[in-house]
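Naming follows writing order (A, B, C and D), and every chain is counted from residue 1.
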Amino acid sequence: MNILSLFVLIPLLMLAGLWASRTLNQTRGVMLAGSSALLILAIGLAVEYTNLRQGGATADMLFTDSVTWYEPLHIAYSTGVDGISVVMLLLSAIIMFTGTFASWRLKPMTKEYFLWFTLLALGVFGFFISTDLFTMFLFYETALIPMYLLIGVWGSGRKEYAAMKLTLMLMGGSAFLLIGILGIYYGAGATTMNILELASMSIPANIQHIFFPLVFLGFGVLGALFPFHTWSPDGHASAPTAVSMLHAGVLMKLGGYGCFRIAIWLMPEGAQEWSGLFLVLTTISVVYGALSAVVQTDLKYINAYSSVSHCGLVLFALLMMTRTACTGAILQMLSHGLMTALFFAVIGMIYGRTHTRDIRLLGGLMRIMPFLAVAYVIAGLANLGLPGLSGFVAEMTVFVGSFEHPDLFHRVCTIIATTSIVITAVYILRTVGRILYGTCKNPEFEKLTDATWDERTAVICLIACVAALGMAPYWASTIINESVAPVIERLACS
Amino acid sequence: MEYTLYILLLPLLSFLILALTGMKWTHRAAGLFATGLLAVAALLSWTAVADYLALAPDATGVRPELLPFCFEWLPFGHGLGINLGLLIDAPSVLMLGVISTVSLMVHIYSLGYMKGERGFQRYYAFLGLFSFAMMGLVVAPGVFQMYLFWELVGVSSYLLIGFYYTRPAAIAASKKAFIVTRFADLGFLIGILIYGYYLGTFDFRPDPAALAAGGMMLPWALGLMFVGGAGKSAMLPLHIWLPDAMEGPTPVSALIHAATMVVAGVYQVARLFPLFVTYAPEVLHAIAWVGALTALYAAIVACVQTDIKRVLAFSTISQIGFMMVALGVCTSTDPHTGGLGYMASLFHLTTHALFKALLFLGAGSVIHAVHSNEMSAMGRLAGRMPLTHITFLIACLAIAGIPPFSGFFSKDEILTACFRYSPTIGWTMTGIAALTAFYMFRLYCRIFWGKASQETEHAHESPAVMTLPLLILAALTCVMGWVPFGTFISADGTPYEIHLDMQVALTSIAFAVVAIALALTFYLNGHSTVPTRIEKACPKLHQAAYRRFYFDEMWQFVTHRIIFGCLSTPIAWFDRHVIDRFMDFMAWSANAAGEELQPLQNGRVQTYMILFLGGIVALTIILLLAAEGMF
Amino acid sequence: MELEIHVFHYLVVSTVMLFCGIYGFCTRKNLLAMLISVELMLNASNINFAVFNRYLFPGQLEGHFFSLFGIAIAAAETAVAIAIIINVYRNFNRVLTDDVSHMKG
Amino acid sequence: MMDLSLLDITFYATAAVIIVCSILAVTTGRIVRSATYLLFVLFGTGVIYSMLGYTYLGAVQLMVYAGGIVVLYIFSILLTRSSQTMRYRIGRGRLAAVLAATATGAVLVIFLLASQHFALVAIPQGVELPAREIGHAMIGSDKYQYVLPFEIVSVLLVACMIGAILIARRHK
């Protein structure tokens, strides 16, 4: 049995365990055990993968395995990971682990909440380990659907509206995606759905030109591509804390990952053909998201627009199609996943205490809840790209890589995109100044308490990861860079 | 010289320990711990200076560049990557010495100045972070490491300016400082990107082949990098953050906003100097003009400010202008012909760091005594605070360029370099030097002489822990000028014997003395009506200078009106009302179409039948017509 | 002795019958009357089967049997339909389509 | 004018009855009359079957339809007293739509039939389909023999019968 299948099996066992659990403590126990097991498994996989690579493994993907489950369409459950999937799995496991702690005290219907939560995680893990187009799509949908219930039931504010909007827009995206997948399948001669095999075939250029935008848009909706990003502010604002974390932290990464793994890898000529248009859109995303965030007054809206900007940078870098830029894109996915999860966790915790996210009503929290305030500042600094935290590493790789493209148009886009780091500073510092510094405006807030032990665990884990990636990026950068190579070679050939 | 690594690591350690566990420490223990670690770091840096100077120079007198520690931190591919390491050569080792000295003084001084403040441990943690970042910046072997630490000093500056985070002014100032410098850093970053792409490396010393290939883009790269430097070093028009940054604690102003961080821009240009001179001389001369303009502007504004820290801040801007001018007027790397300015600039950087830190710490001592920054709250403090008075006077004389204090020597070299380049700029700078003398003595008189005020009644000398650093810095200010600086540092590394150009020296001394005399007559006894009369004579000019020639208002306009008003607000509105509405409209139209079509599915078989029949009939007609060839 | 009637004439009869049935089905509101119309339609199609069988494929019996089974199924259908109608009447005291709309979604 | 044989006259008379009664069955205002007209139509159909030589089919038609079903109708009409509920108004637009659709449909179908140019085939009269043949075809299991449909229809009939009883039964 393949080690990768454990990533699907453990969540399945967790689901069974949650189903059987009777008390709150049992539920928490199952979640804790399961998410720790996944985290350990992900770390183990990362170590094993690095060892294999150092031992001279040169295949595009390692740990490959395949079981056909629907012969007529050649649909198989095929698994395999490269450096990109390894870091994404690690990211997902970390976010799931911390997300468990972030929703430790969630009420009501804790058990049901965790059931859906685990199902979402199952979809995410399955997506990252799969190398079969259809199976990937299957897991992708598995990850999307629980979102609706998690936001609709456990959310806050206009939750039904937000949940409906999010689900409909993402489903719209996946409709494109399905067409795109079928296009790839038939375009390549309808003999296999396995990405690795498809990558070695060539799809006719005219087919690529038709289906590349479909697949890219399909994943782009999830990656908050302008102008299909509007689910993000409402969705994030209404989602419960851990769901926001998992959604912004991992689910939005499915978009970038899919764009890279499916759209760009399998359809390099389509990518070359369409990169101009999409590059303009992503550049708009980057700057537009940041500028929108500047005037928002709801903490989660600020962060959601900031995510639009940062995820826009992921797609932007992918479209630059140089090796360094693509490495940067994956690093940015990793970094954004961690820091935005941290951000949402802290915002959720603050909201849980003050019951408002309006920055005009908040103030002076630094004195009342120093731990959360410091965590917020750290998340903010990571967001604006402070060296030593993850944001810097990712952004610099993206910019250096984008600048490698000698074309003037790409250069101009890069320079426009770099302005986002200034705008990011503006909205982060504005928020920090408003809500943390200054004096407390509401006497009610004086009585609030600082983070509890479970919240501290979640926040400290995330800060540690953000700092670790920021201070020692060598490992992640190297294994991603190696794994990006095949795609770039294919692009160069086209 | 591997131990130089510990010079960086010790402040970092101090930061990490205090940041993670600081709240559990007593104030005293935290302060002493941080000061102790920094003292060790300072000792190590002085050893490093001594060790480096002890290295045997080669035949031409050039000392080797050492790279005791270097590793690849983040690979980008294509041979590019961020290397972190320590580059030990004359400028960096000099900067290490200066930074650790001033930082140590500030650490000691703060034990007294910050006593009993809330967040004392946090304060020391941030000081540790800043010292680490600043030293990391100066030892950077490549431009990317410089940028990395450049951002880190920016953040520590932000944190320290906003140390009193309950004061709205401090919050606004910290935000402004960070955002303005960040904006400038954008230029730096783009410059780095161009540099890295065309030269294939981020090192300060690219190999000649790459230079030959990519040299034509260097003016752009260097010019954009200078934008970053101009932001950090408060050059016109990016200077606006520095006066506001005085909201931070005074020792912080001394360390960051006078002695070390604000000269990072100068250091950056000095680091890239060989490239500037060879490949982008026109950019270099533009820098000279920017520097001169800034120096003039700041000197004029400093003459009318009433907040003593603001006066010092503008004086800092003006002095950095001097350093920039000195670099900008260079025409070659040879100190004997056109490269004198390089040496002069770094010399002035060193002496300025010491006497400006002294001035700020002295001002801090005064503020500590009278609890106000305003000149009107001061006066006749000379008798009450003798040590502060004497050390402040020494610093004023130094900055005014009176021998034998250090400022005279370095400023003289700068003026010499300027006159060699062009007499215009030489005379301009001499004039600005005289203005400097005037406003510094205006400040001195208003604080220590003139009319007494209520607040001065209870003023008394600061504790020993605060006066000790003053005395040490004063002593350094007295002797620093006699150091044969040119033998250690010059643009191409060859030793250069400093010799005074008597003509330049005497002129500048004469100018300075006249200016000081004027200031003394105006302000010494506090009864002269000349200043008010001048003020009355040209109120508009005075008002404009007092309001700093409305630069803040311009920036306010740009940020609030243009960025907030014309970009962000419309974009946010557009997003909510156009794009989002469009998405909502799509959902709504699907829904509405459903509503419209719903009556068709009304459950009446008869309706279905009619529709069915109608459909069949229509289809048949169409098919018939098609068969007839009607379509 | 032979019958020399064109197939077309039969078909006209059945067509008219069919469209009468359709007309009745669409316009009647009484459930029983609707059922009567359905019978007309069924009958029309039965005639067609028989006629085509007889005229075009005289050697075979498919049309014949189709009509036969059609009649049988019509009988079954009528039985069930009338049972339902009676039940409806019992519950609503009406047999008009407009009144019996409780099952509508 | 072509001369008509008796058979022809019989056919056209039947056809006329069928057409007229069909129209009356769906237009009359009284449901009992409607059922009666239906009965005439069914009789007419039976006559046509017989003229085609399918006497057996004609007999079934008379027995099952005319004899069984129409009686069922009459009973249920009486049971539900629906003769009083035949007075209703139908929307003018709807009526027009139905009329137009049916008229056009009928015209179209007839036009289509007329344009098909069926060959004029004469069928022998008085030669009926032998009952033996029908019986063999009905219970044989070869090709063109229909035991399976027969059985299925039987089961269906039984099921319908039971269903009808169950549905119509008065619940206690």
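The rule is short, and it goes like this: a contact is a pair of C-beta atoms (placed from the backbone, for glycine too) under 8 Å apart; a residue touches a chain by one contact, two chains touch by 3 or more.
Note that the coordinates shown come from a computational prediction; the quantities given were computed from them, not determined experimentally.
Student: Moving step by step between touching chains, how few steps can get you from chain A to chain D?
Tutor: Steps on the shortest route: 2.
Student: C-D versus A-B: which interface comes out with more C-beta contact pairs?
Tutor: Counting C-beta pairs in contact, C-D comes out ahead.
Student: Based only on mean CA positions, could you tell me how far chain C sits from chain D in angstrom?
Tutor: Using C-alpha averages as centres, the distance is 6 Å.
Student: For chain A and chain B, let me know how many angstrom lie between their CA-based centres, rounded off.
Tutor: 36
Student: Starting from the mean Cα coordinates of chain B and chain D, work out the distance between those two points in Å.
Tutor: Once rounded, the distance between the two centres reads 102 Å.
Student: Report the inter-centroid distance (CA atoms only) between chain A and chain C in whole Å.
Tutor: Computed value for the inter-centroid distance: 63 Å.
Student: Which positions in chain D are in touch with at least two other chains?
Tutor: 94, 98, 101-102, 105
Student: Which positions in chain B touch two or more other chains at once?
Tutor: 610, 613
Student: How is the touch graph of the chains shaped: line, ring, star, complete or other?
Tutor: other
Student: Name, in rising order, each residue of chain B that touches chain D in their complex.
Tutor: For chain B paired with chain D, touching residues are 610, 613-614, 616-617, 620-621, 624.
Student: Can you name the residues of chain C that touch chain D in the complex?
Tutor: Residue positions touching the partner: 1-13, 15-24, 26-33, 35-37, 39-40, 43, 46-47, 50-51, 54-56, 58, 60-62, 64-65, 67-69, 71-80, 82-87, 89-90, 94-96.
Student: Please give the residue numbers of chain B that touch chain A in the complex, ascending.
Tutor: The touching residues are 72-78, 80, 82, 144, 148-149, 151-152, 155, 158, 162, 165-166, 168, 171-172, 174-175, 178-179, 182-183, 186, 189-190, 193-194, 196-197, 563-564, 567-569, 571-572, 575, 579-580, 582-584, 587.
Student: In the complex, go through chain D and note every residue touching chain C.
Tutor: Within the complex, chain D touches chain C at residues 5, 7-8, 11, 15, 18-19, 22-23, 25-27, 31, 34-35, 38, 41-42, 45, 48-49, 51-54, 57, 60-61, 64-65, 68-69, 72-73, 76-77, 79-80, 82, 85-86, 88, 90, 94-95, 98-99, 101-103, 105-106, 109-110, 113-114, 116, 118, 120-126, 129, 133-134, 137-138, 144, 146, 149-150, 153, 156-157, 159-161, 163-168, 170.
Student: If you look only at chain D, which of its residues touch chain B in the complex?
Tutor: On the chain D side, the touching residues are 94, 97-98, 101-102, 104-105, 108, 112.
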